[in-house]
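Order as written gives the chain letters A, B, C and D; numbering starts at 1 within each chain.
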Amino acid sequence: ASRPAETWQTGSAERPLQLANLLELEEAAAKVIPAAGFDYIAGGAEDEWTLRENRAAFGRKQVAQRVLTGKVVTDTATTILGSRIAMPVIIAPMGGHGIAHVSAEAGTARGAAAAGTLHTVSTVATLSLEEAAQAADGPRWFQIYLTNDDGFNAELLQRARAAGYNAIVFTVDVPVGGNRDRDRRNGFVYPAAAAPRNFLDASGRPRAIDRGFKSRLDADSIDFVKRHSGLPVVVKGVAAPDDARLALDAGAAGIQVSNHGGRQLDGTPAAFSVLPAIADAVQGRVPLIFDSGVRRGTDVFKALASGADVVALGRPVLYGLALGGWQGVQSVLQQIERELRTVMQLAGAATVDDIRRTGLIG
Amino acid sequence: ASRPAETWQTGSAERPLQLANLLELEEAAAKVIPAAGFDYIAGGAEDEWTLRENRAAFGRKQVAQRVLTGKVVTDTATTILGSRIAMPVIIAPMGGHGIAHVSAEAGTARGAAAAGTLHTVSTVATLSLEEAAQAADGPRWFQIYLTNDDGFNAELLQRARAAGYNAIVFTVDVPVGGNRDRDRRNGFVYPAAAAPRNFLDASGRPRAIDRGFKSRLDADSIDFVKRHSGLPVVVKGVAAPDDARLALDAGAAGIQVSNHGGRQLDGTPAAFSVLPAIADAVQGRVPLIFDSGVRRGTDVFKALASGADVVALGRPVLYGLALGGWQGVQSVLQQIERELRTVMQLAGAATVDDIRRTGLIG
Amino acid sequence: ASRPAETWQTGSAERPLQLANLLELEEAAAKVIPAAGFDYIAGGAEDEWTLRENRAAFGRKQVAQRVLTGKVVTDTATTILGSRIAMPVIIAPMGGHGIAHVSAEAGTARGAAAAGTLHTVSTVATLSLEEAAQAADGPRWFQIYLTNDDGFNAELLQRARAAGYNAIVFTVDVPVGGNRDRDRRNGFVYPAAAAPRNFLDASGRPRAIDRGFKSRLDADSIDFVKRHSGLPVVVKGVAAPDDARLALDAGAAGIQVSNHGGRQLDGTPAAFSVLPAIADAVQGRVPLIFDSGVRRGTDVFKALASGADVVALGRPVLYGLALGGWQGVQSVLQQIERELRTVMQLAGAATVDDIRRTGLIG
Amino acid sequence: ASRPAETWQTGSAERPLQLANLLELEEAAAKVIPAAGFDYIAGGAEDEWTLRENRAAFGRKQVAQRVLTGKVVTDTATTILGSRIAMPVIIAPMGGHGIAHVSAEAGTARGAAAAGTLHTVSTVATLSLEEAAQAADGPRWFQIYLTNDDGFNAELLQRARAAGYNAIVFTVDVPVGGNRDRDRRNGFVYPAAAAPRNFLDASGRPRAIDRGFKSRLDADSIDFVKRHSGLPVVVKGVAAPDDARLALDAGAAGIQVSNHGGRQLDGTPAAFSVLPAIADAVQGRVPLIFDSGVRRGTDVFKALASGADVVALGRPVLYGLALGGWQGVQSVLQQIERELRTVMQLAGAATVDDIRRTGLIG
């Protein structure tokens, strides 16, 4: 649902950001994004225990300082599902970038391309998937929620393929909306300015979205997405080894370990806590993408050392977008890459592969 | 003891509540219930360590996110001691609802019935057990404290049966009043407006209560309650496996795991912490009711996954009553059921039985 | 050292105290005792880690709620080194009660006797040991620090015996004064009004104390105290099993497990944490007295369940003295006994011996 | 890089300090040292987790109170790499003492000598190594960072030997500058008043430093330092057993366990946490120097009991220098020695060797 066209005064600056770190972005973004929109982005489910735990779990593993190995950081580049990217950090799917900045997903796409990495466009993006695809060159993935209208679903997947997306990220952890207390208090609905255009028909009228998203998700759903898109399918929202096995058996080309940034099931463990068991279950048969809680280069390092192939960055990207448009997004990605390089050097890892071979402490 | 008839200005609103969660009710209720009455309801024994620990213990267990099972939540209904209820949540016995709202136990009874579940009327209810029974249809239990007057005790149990109560909840964890620092500071006694009418004789004079409650409680006490009521007896206040075995051997029809909401023995473990060992001792021979610390749908889920058959909700019901009368009580129950449904869906549990088969993490 | 006779405006009230608990006494006492004196009493060594840990350690053990045993609390009386006392709580030795109240040790002695228990008079008491002995009937112990003047030491022990003390408490954990940051900041020395009279000779001039206390303490020191007093010797300040064995071998009649209330070695474990290992080493051959951190009836219960025979209460007694003179001391002791009774009843312990047979959780 | 000659108003007092402890120095020093300079000294990398953890780790080990051993503290003197020092505490290398006090390294050198211990002069000291060497008698070490100019490196090592330094401390944990958020926010660069004179050529022009420090450090680097200095080489910045083995194999004469005071790799364990494993790896073949987080005598005790031969003190020395010049440095060292003596006495350790034989708890 979206409100009738009210004014949505949000970020519109276009500038690089002077960052000390990504954590400080939240407070700054709160001054630019309207309060209910900010809460929607920043908030998590219920008591936000999992939201906080997603960060805290990183603190329970440590990185050994290794400085006599003679190694020097050469490169942070890596490849994911056939796409070469400059760093093992991509952009996670998030709805309604128009909530944060007037350029919406176009800004995010351009920022990702400028930083040399890929981004994921959401089903509930502000821009249509075609508009987002045209905003910048470079690899891009399309994220899908299955609606209760299978015709629409099939059509959306075909549109994604046609628009040149390289993979489909199929989100399975929203069979029901999370209990988000902030949104309930704010009575939040997407503002008209950020309403998802993928659901507009040729005449600009909404379709399908009023039928809601599917609650029943299983191997058949994965098969449906594969069949109708003809693209590699990353199953996103896997937080248990048994779900990982179900996804593998159903033909997933990748698995995105995630608890939706703490926005769905409050009281579920940190994504970082469940990562090792999922990596064990997957045994390297498909790449692992990891999200939920990443804010520091050291978090990227720890996730890769725990079995992830790349990490996906969420909220900080929207904050960067809100504060600096595409240049803000680029600044965010460059900052985390810079931090990662420092960690790598101090931990004696010259490449992304070296990170994967590093053991953590704790 | 009760004070002479002073005015007790407490809740009198009758309205549904817009809730984000049950936790926020406490602050709101503190503005409606007179301070000493609020402290009596909200407070715990001594340093309130157990009061806080009752909540904290839930946080040490986590629920796995399971979203590829293909399950969809169908129903939260269950049966307890022969009564069918719409959700695995009932209302715990609490004294003096008149402290919180002018409708007293009548409001609670009506709210419970409206939400499709059962409630427990306390020995020290404001209304007489007969008044409370007439307030609404639906299943109801009567809670008893044994006074030092066995004639009165027998009479009370017979009255409960005659009034149509479906079971007796025999509270055994008040052989002595807890050290409640707040009440001692406030010099709190029940206000006249909330004085327990079960102890008034035909001419309106108090009886029996001045003789105090029994300190010596054992198998014989349980037998006494069974014999004089002719109803199933739930032994409430069991927090150790050995007490559970004593209760079973004495013929308990159900066991209510509870530390009286942290109001009795400060420094005893959280009720949730002792639940698994008690479930092991009971081995399913009688149903387990669980209370002490439940505030979230996820707490209900965790308690059921740890061996409870239903949970009993305490303070939040009184807060709902204070703020909205019977409609407030209904709102509280509906909110926790709504939260439970979301957790069930995200944890891959379609029914209450599925929850019982789910393992927790941690 | 003591300052020349300045005025020391401290507690002088004589009244019973209305207490919710013993913890709240500290804040109240801080308003009555001059600031540097209060800091001397309340403070601990260095960062006060051990001071806080002495309390925190109790929180890591829990008491099981047992309410179906049919037991009813009968009595809290016990016997220690031949003295019958009304509760398993005595008063620990503390210097200079004149810092807290004009009645000094006389008030403490009278309060202890009124509550039916015994107290310990310090070497550095404000009153002489003879004055303190005359203040009240009932059992009393004398605590000694060995000065570097053995003649004086022998004389002091003989005076204690002559004055009717029932035992000597030989403090061994002050071979050097603790690093007490508060006292260093305050430049604290005993005020003239509280200067220890045991060190005054017949003409009122100080003796021996300027030679300082012994640093070298061992089996010979214990033997010296036994020989010159002819009384049972409790060795106080034992916090390691090896020291307990040394004390036993040297003929100690009792062992007082203590870290001097966190005033000596900051960073040493809580006294409650080391109690079980010391109880194991002592194997019941002599009674164990426990101090350092006791504030609640539940702490008394936990210490006894961990091997102590009685506990000694320190700072709260001085606070009670400051606020209400001897009646304040009595109130403090009665409050902790009342709390203990409640815990006993809720834990299914009818007597002090029952407590000793109870296991803790955690 | 250094800014053009601005005025740098920093500490200039020369006086002994009345200290309760070393921790309180930080707040006092913050009032004397210009804010960006203070942040440079006090701050750590990123979230300062490791900075805090360096302190917190000490709190997880405890010292047993042992008071019946008959031991009396005699002496805190010890020998390190042939130098006799009055206490097992030396001064760690730190850059730019001119940031804190007008006397710069001359004050530190004089304070160390007055307290009877040795100090380490940094490559990036404000004074040239020759100026620092002339400031006071007594043993001294020179710390080197290898620049990318090997001719300059060799020359610097030869200058150190010529100036009478007794050992070289080769810092290996700065292959890259740490992510220091405070410095990034402040845009901090060394003020001209504190610019490192070791890099000035005969005509006062900077050389070599603009080429940066080496990132590739290994056994060859250690060999280079040995060869060109002809002095014993302490490899500093070892925080992993494998690096310790590499250093030993390369001929290190000593190993300094350190994480650079939490200034380099945030999220690496506390230095104190990794000390035991490094001591195991080194097996006493060379002395271990320990730094990072030492503030209390009890920390010194714990580090020695965990395998260190001496500890190096960092920030508190600069704070003492800022507040009192050389006398402030002396006060700092005397205070920690005084604390150490108290701990030794209460733990039953008469000498530094006794400390090394003491086991910790936890």
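What we mean here is this: a residue touches a chain if its C-beta (ideal position, glycine included) is under 8 Å from a C-beta of that chain, and two chains touch if they have at least 3 such contacts.
The structure displayed is predicted, hence computed values, not measured ones.
**Student:** For the homomeric pair chain A and chain D, should the interface be classed as same or different, according to whether the shared residue numbers exceed half of all numbers used?
**Tutor:** Different: fewer than half of the residue numbers at the chain A-chain D interface appear in both copies.
**Student:** Would you mind reporting the rotation angle for the C-alpha fit of chain A onto chain B, rounded to the nearest 5 degrees?
**Tutor:** My answer is 90 degrees for the C-alpha fit.
**Student:** From chain D, which chain is the farthest off, judged by mean CA positions?
**Tutor:** Greatest centre separation from chain D goes to chain B.
**Student:** Just how far, in Å, is the C-alpha centre of chain C from the one of chain B?
**Tutor:** About 43 Å separates the centre of chain B from that of chain C.
**Student:** Averaging over Cα atoms per chain, report the distance between chain B and chain D in Å.
**Tutor:** Here chain B and chain D have centroids separated by 61 Å.
**Student:** Residue numbers in chain A touching 2 or more other chains?
**Tutor:** Not one residue in chain A touches at least two other chains.
**Student:** Going by the touch rule set out above, what shape does the chain contact graph take here: line, ring, star, complete or other?
**Tutor:** ring
**Student:** Which of the residues in chain D end up touching chain C in this complex?
**Tutor:** For this pair, the touching residues of chain D are 20-21, 23, 58-59, 62-73, 296-298, 302, 338-339, 341-343, 345-347, 361-362.
**Student:** Could you list, by residue number, the parts of chain B that touch chain C in their complex?
**Tutor:** 46-47, 49, 172-173, 175-179, 181-182, 184-185, 215-220, 222, 235, 237-240, 242-243, 246-247, 259, 264-269, 274
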